[in-house]
Amino acid sequence: MGGNDQQAYDRGTSLFSPDGRIYQVEYAREAVSRGAPSVGVRTADGVVFVAMSRASSTLMEAESIEKLHKLDEHLGTASAGHVADARQLIDLARRQAQGNHLRYGEPVGVETLTKFLTDHIQENTQRGGTRPYGAALLIGGIDDGEPRLFAADPSGTPNEWKATVIGGGRQEIQSVLEEEWEEGLSLVEGIELGVRALATHEEEFVPGDLAVATVTAADGYRTVPEGEVREAFEAVGLSADDEETADDAAEDDAADGDADDADSTDGDADGE
Amino acid sequence: MGGNDQQAYDRGTSLFSPDGRIYQVEYAREAVSRGAPSVGVRTADGVVFVAMSRASSTLMEAESIEKLHKLDEHLGTASAGHVADARQLIDLARRQAQGNHLRYGEPVGVETLTKFLTDHIQENTQRGGTRPYGAALLIGGIDDGEPRLFAADPSGTPNEWKATVIGGGRQEIQSVLEEEWEEGLSLVEGIELGVRALATHEEEFVPGDLAVATVTAADGYRTVPEGEVREAFEAVGLSADDEETADDAAEDDAADGDADDADSTDGDADGE
Amino acid sequence: MGGNDQQAYDRGTSLFSPDGRIYQVEYAREAVSRGAPSVGVRTADGVVFVAMSRASSTLMEAESIEKLHKLDEHLGTASAGHVADARQLIDLARRQAQGNHLRYGEPVGVETLTKFLTDHIQENTQRGGTRPYGAALLIGGIDDGEPRLFAADPSGTPNEWKATVIGGGRQEIQSVLEEEWEEGLSLVEGIELGVRALATHEEEFVPGDLAVATVTAADGYRTVPEGEVREAFEAVGLSADDEETADDAAEDDAADGDADDADSTDGDADGE
Amino acid sequence: MGGNDQQAYDRGTSLFSPDGRIYQVEYAREAVSRGAPSVGVRTADGVVFVAMSRASSTLMEAESIEKLHKLDEHLGTASAGHVADARQLIDLARRQAQGNHLRYGEPVGVETLTKFLTDHIQENTQRGGTRPYGAALLIGGIDDGEPRLFAADPSGTPNEWKATVIGGGRQEIQSVLEEEWEEGLSLVEGIELGVRALATHEEEFVPGDLAVATVTAADGYRTVPEGEVREAFEAVGLSADDEETADDAAEDDAADGDADDADSTDGDADGE
Amino acid sequence: MGGNDQQAYDRGTSLFSPDGRIYQVEYAREAVSRGAPSVGVRTADGVVFVAMSRASSTLMEAESIEKLHKLDEHLGTASAGHVADARQLIDLARRQAQGNHLRYGEPVGVETLTKFLTDHIQENTQRGGTRPYGAALLIGGIDDGEPRLFAADPSGTPNEWKATVIGGGRQEIQSVLEEEWEEGLSLVEGIELGVRALATHEEEFVPGDLAVATVTAADGYRTVPEGEVREAFEAVGLSADDEETADDAAEDDAADGDADDADSTDGDADGE
Amino acid sequence: MGGNDQQAYDRGTSLFSPDGRIYQVEYAREAVSRGAPSVGVRTADGVVFVAMSRASSTLMEAESIEKLHKLDEHLGTASAGHVADARQLIDLARRQAQGNHLRYGEPVGVETLTKFLTDHIQENTQRGGTRPYGAALLIGGIDDGEPRLFAADPSGTPNEWKATVIGGGRQEIQSVLEEEWEEGLSLVEGIELGVRALATHEEEFVPGDLAVATVTAADGYRTVPEGEVREAFEAVGLSADDEETADDAAEDDAADGDADDADSTDGDADGE
Amino acid sequence: MGGNDQQAYDRGTSLFSPDGRIYQVEYAREAVSRGAPSVGVRTADGVVFVAMSRASSTLMEAESIEKLHKLDEHLGTASAGHVADARQLIDLARRQAQGNHLRYGEPVGVETLTKFLTDHIQENTQRGGTRPYGAALLIGGIDDGEPRLFAADPSGTPNEWKATVIGGGRQEIQSVLEEEWEEGLSLVEGIELGVRALATHEEEFVPGDLAVATVTAADGYRTVPEGEVREAFEAVGLSADDEETADDAAEDDAADGDADDADSTDGDADGE
């Protein structure tokens, strides 16, 4: 379907194209693809999140980019795509998780919370007067002692994964995961797999460019400190020398305009 | 009616074309046709659902594709088309089924539930500000001891069937069903018929690519385990060797872009 | 008024054309004309409904096509056009009939119910944000012992008839009715007239392709069994041999794409 | 103002054209002009309504065309234009007339009721999201013993008349009324004037093609039986032989497509 | 600003053109200019209204054209433009005047009522989904013993006048008023001035073509009988011979299509 | 940005242009520029308002043009642009000032009231379905004994001024103010400065063409009588001879179409 | 993506472009870029705000431009872009800060308040019928004794910064900040850094053109008086001679049309 024909059907969520597509949902997926990638890996011990989280300026506090979020004691999420859209979904998830404690006196399940979110996301793909969410989420945690990992995309489809990636470079990174993931990975091996997979997409990055977190039965949601990330770099044979490469990378980043999330507070980003 | 003329009338559910068609409903049917097929077979003992449910990646948990759903003790459904749309209808069906227990102390009938859903689906084809549901459902179960099978399409029309199919390859698969279905099939024969019918559309698939469930008076809704599916493969002369063909099939699947349901969490699917 | 001029005024129910027409209502009538025909005949003993109700597949339960509906003890309806639209109107009619019993302790009159429905239908032809109903209804029953028959079209106009037809082939079938209807027909003669009239439009059909019902003071709403329909076939000189012709007819039907009602669950119907 | 310019301003009730016109209201008047004419005549004894009310088929019950309606004991109306639109206004008028009895214990005045209706009609010419009513009404009755006759058009303007006509052929018929109406007409002379005036527009019609009613202080609203209409035909020198001409007229009617009201239940009318 | 450019900005009340104009308000003024003129004159003794009010047919009751309305004991109004629009404003004014009596036990002031109306009129020029009122009003009465006269136009601007005119021929008529109006006119002189001013616009008219009313402290709102209007005609040297000229004038009127108000119930007016 | 490009973005308040402009707000400013100018001057003793307020006809009561309004005992306003729009804002301001007395028992502050108004104005520049206010206001008064003067423009931006002008001829008039204003002006000097500044824009005007008011701690809001205005004329060397020039000026005014405010009740203004 | 293609997707907040962008948000960022810049610097002692705040006229009170606002005792904000839009956000922030005191008896946190605002901002980028806010904010204060500085852009993305700038000249100014900012700056050094950074964008300005404020644990929100700003000018080697350059700068400013904030009350700004 060529340009003009496509344009006839891509101006609203309340419209199918003749071949049964909802273009606004596909464009929202494109918004996710423009963002930096976030990887999720299910291991024997818990779920691992590894996200590109590189600041567009040396003066930006990298942790404020907020790619990873704790949702509940044993529940976390990684996002990709439009940061402000993702924040709305994460707020919603947190309120739902809190409400579950209040109403039922127990934590919400990983699958239950995922489907609550995807139902909300779907509604924004069917009613007019709104656009889909331009963000995808990985949702992971411990359900009855078992680690579980789900992905939610802009169409509102939930799927469970052993390991997956959302955001830019999805095909390359998913290939690495498919080749290297195996049952019985330890938590540390899961982190290493996430780092190695991201390295196939980004040419150079340092431990400070990543945000890493784990959810385990024992420790709940835990932000992995930079020191441990550095160890993972070394384990997989990547240079972990921040000082040398951080600025260059930031410049590269600005130059190729790929890391949309980090750039999204940069008012000039699109004008460069 | 040519391209430009058609485009004049296909941008909304609140619009008839000069020849009395509602194009958005027809495009929603096209969305269903892009999805993987689901077969329903009424047998003497109960209703059989056989659905293509092949994951787009070896790391995706195939059961999370969720083509088959239990709605009540003796009531199940199979979906085709947009997964997130189907989920909304299934949620609605479950709430209605639960409500029937609460209000009347008895299960909702298969026909009653089907018509409740199709009335809801119809409303999305008449009012502006929304699009039709891009999903079709098979709804089957036991009413007063009798197996019954209904289909609900995006126009909101309910029909009762001895055996039918929703989703891609509908014409070929329905032809097989029309030729081979007969009164008095056993439940196992119903499963075999479903497998054989799907095989006319898909060149290669393995037991793990299918989701199979039955609803009988004796056992209620029951997910058929892969072992029994493998037996059905062998009974109808299909190779059931998962290891050999699964990856190849997944690749084929990506290549011909046909299995929309499974692909719908794949942000790059449409860009390939 | 040519194509471009007409297109300027045919995109909404809230718009008159310069020559005072409401095109969306006319297109909704076209939707009715695309459907299979339903005949209503007023006889001395009651009202007769004879509707084409041929399944698009041998596996579809023909009675689920539901062209005829009981609305109250002495009140029935026949529909033509979009099945899902007709169902909404019929649901509304039933609720109104039930409400009349509850509020006034007596059945609703045929004329009263017809006008309740047509007022509702009209509202969908004047307000924006919706489309007209793509269905017409025949409403017949016994009022104070007298048989009465009304028709409601997509404009919301009610009219009373001695005999009439809605749906495809309207002109030919109405001509037969005008030539052959006379006061004092018996109920059986009414059925025969309905069958004979439909035969002028359809080349070949069998008793199982028809749905027939009567409403009389004595028996209320009664579905006429296939055996009696077969007798009517023989009385008017039509072949009633199901086995021979049913499949062929279904094929013909698919080939000429005329029986929209039956086809409406067929996702491929419009693509053939 | 030419075609393209006019089209810039004729798509909504909430829009003036540069020359201060509201085209949708003018198109609604055109819809009235497409309908069969209804005449109102004020006489010394009361108000007379004479309306063309010819069925489009010999099987249609002519009285169900319903051009004349009793609104209250001494209050009636004649309509022209879209039947379903007129019915909505008449329902509203009846409810208002009934409400007046309930609230004030006395009948609503002719002028009061007319202005209630025209205020409602006007609102549909100013707010967006709706179209004007495609119908005009004559409203006549006895106020404090005096016969009064009003007309309400699609703009919502009320005017009082000695005698007037709404619907098709308005100019010719009004000319006859202006030439022949005089103070002090008897009720019978009023009927004869109405019949004679309609005869200038329609070439051939018979008593059964007309609906005639009167409102007098003595008898209230009264439907004039066909026998009296036949006498009026003879008095004015028209042939009153139904049998000979009815079918031909119906054919003529279908052929020239003029009697929109009667045709409006005819799904094929516009396709002829 | 040429045609195409103007058309870019004239489709809604919620839109400014680049040169700061609201075209829909200007088109509404054009609608007023198409109507017959109404003159208001402030005299020492009270306010005089003189309005063209000529029926489009000899059978129309001229007083039903209703150009002048009593709003309260010492408060009246004259309208020009769309009759149905003016009626809505007059209804609103009357309800407000009545409400003032109920709430405060005293009559509403002329200025207060005018500004209440113009505020309402303005709202229809700013919010979308509606059109401006296509009518202007003169509002006159006695405030604290003093005669006052205001005009309200479709933009919702209130202004106070010694004498002014709304409707067609505004420039010529206002010139006469400016030349001839002076402080201290008697009521009769005010009527004569109004008649003389209208005579500059209309070539021929008779006393029956005018509606005249006065508001004085002594007599409140008073409709001036035709005999007194005839005296004014004679005083200003106009022929007051009704019989001779009325029909001709009506014909002229129809021919030049100028008297929009009177014509507005004439469904054929725009088609002549 | 050229014509076509600009037109792509100037049809709504809910739309930015690619260069970050909101054209509807700019067009509303243009509407203000089309109006007659109003000057505000802060002096040591209070705030001075001097507004062009020339009637478009000698029969219009000049004070009814109402460019200056008292809002509270020590609070006044001058407007420019669409009169009806300004009136809505002034009504709102008055209700807010009254409410402040009721709620807090003290007068509202000049700055507080200004910001209340500008917040309201801003909302009409962001939400769809409305247009911005086509009016600007000067708001001046005494806060804690100090004279203060604010301006509110159609974007809803509040700014405080020593002296400024809104409406037509803004640049020339503001230049005079910038050159001649100085700290410590007396009230009379402030009036003279206002008159002199306006004289740079208008070629000829007389004291009766101006409305002048002051707000001082001592006298509150005070309308300056024409006699004092005449003295200011003489003080600044302008001719104050009303009789000679008023009519000519009115003619000039009509001819150059500049005084939009005064003309806004003139239905023919835009057609000349 | 070229002009026409871009225009297909840039007319609403509820629309993605095919490459996943929301153009209205990018245009809102452009609106911010058109405004004068505001710098925020986090120092060891607190947060520093330095904003260009130059009046467009010597008669405008510079402080009324209001680029800096106190939100709470230890919380302040600096804005850039559309002044009226920024004011709405600041009002909202203040009400939220006050509400926190009332509800929880303690001040709202810097991060909490920022995210409350960005969530509100995001909603205006997803729902139709509104436009994004054309303003950005820096929000800074003391949280648990620690200085923190956040930025909120029109997409609704919150980020924490050591030092950053919003508004025009963002790239140059941010470069200076990145080169010169270091841990442990004193408050005075922070002010000097802000002044020096702004000087890279503006060719000439004087202390009176700047608004400077600080938030420290000791003094809370404090407006820095012009004397101290002058000292900072001298410390960084800039001329602080107001008299000489202010007018010239204002003229320059008008000439290059860059300082949108200050100009926004200037109705002629865009017409120059």
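Worth pointing out:
A, B, C, D, E, F and G are the chain letters, set down in written order, and residue numbers restart from 1 in every chain.
By our rule, a contact is a pair of C-beta atoms (placed from the backbone, for glycine too) under 8 Å apart; a residue touches a chain by one contact, two chains touch by 3 or more.
Since this is a predicted model, take the numbers as computed values, not measurements.
Shared contact partners of chain A and chain E: not a single chain qualifies. Its C-alpha atoms fitted onto chain F, chain C is found rotated by 155°, rounded in steps of 5.
Interface of chain C with chain D: the two copies contact each other largely through different residue positions, with under half of all numbers used appearing on both sides. Averaged Cα coordinates give chain F a centre that lies 31 Å from the centre of chain G. Between the CA-based centres of chain B and chain F the separation comes to 69 Å, rounded to the whole angstrom. Within chain F, the positions touching two or more other chains are listed as 13, 29-30, 32-33, 128-129.
Contact residues of chain A toward chain G in the complex are 3, 6-7, 10-13, 23-24, 27-34, 57-61, 63-65, 82-85, 87-88, 91, 124, 128-134, 264-265, 267-268, 270-271. Across the complex, chain G is touched by residues 5, 8-9, 13-22, 26, 29-30, 32-33, 115, 118-119, 121-123, 125-129, 136, 150-151, 153, 155-164, 166, 170-171, 174, 177-178, 181 of chain F.
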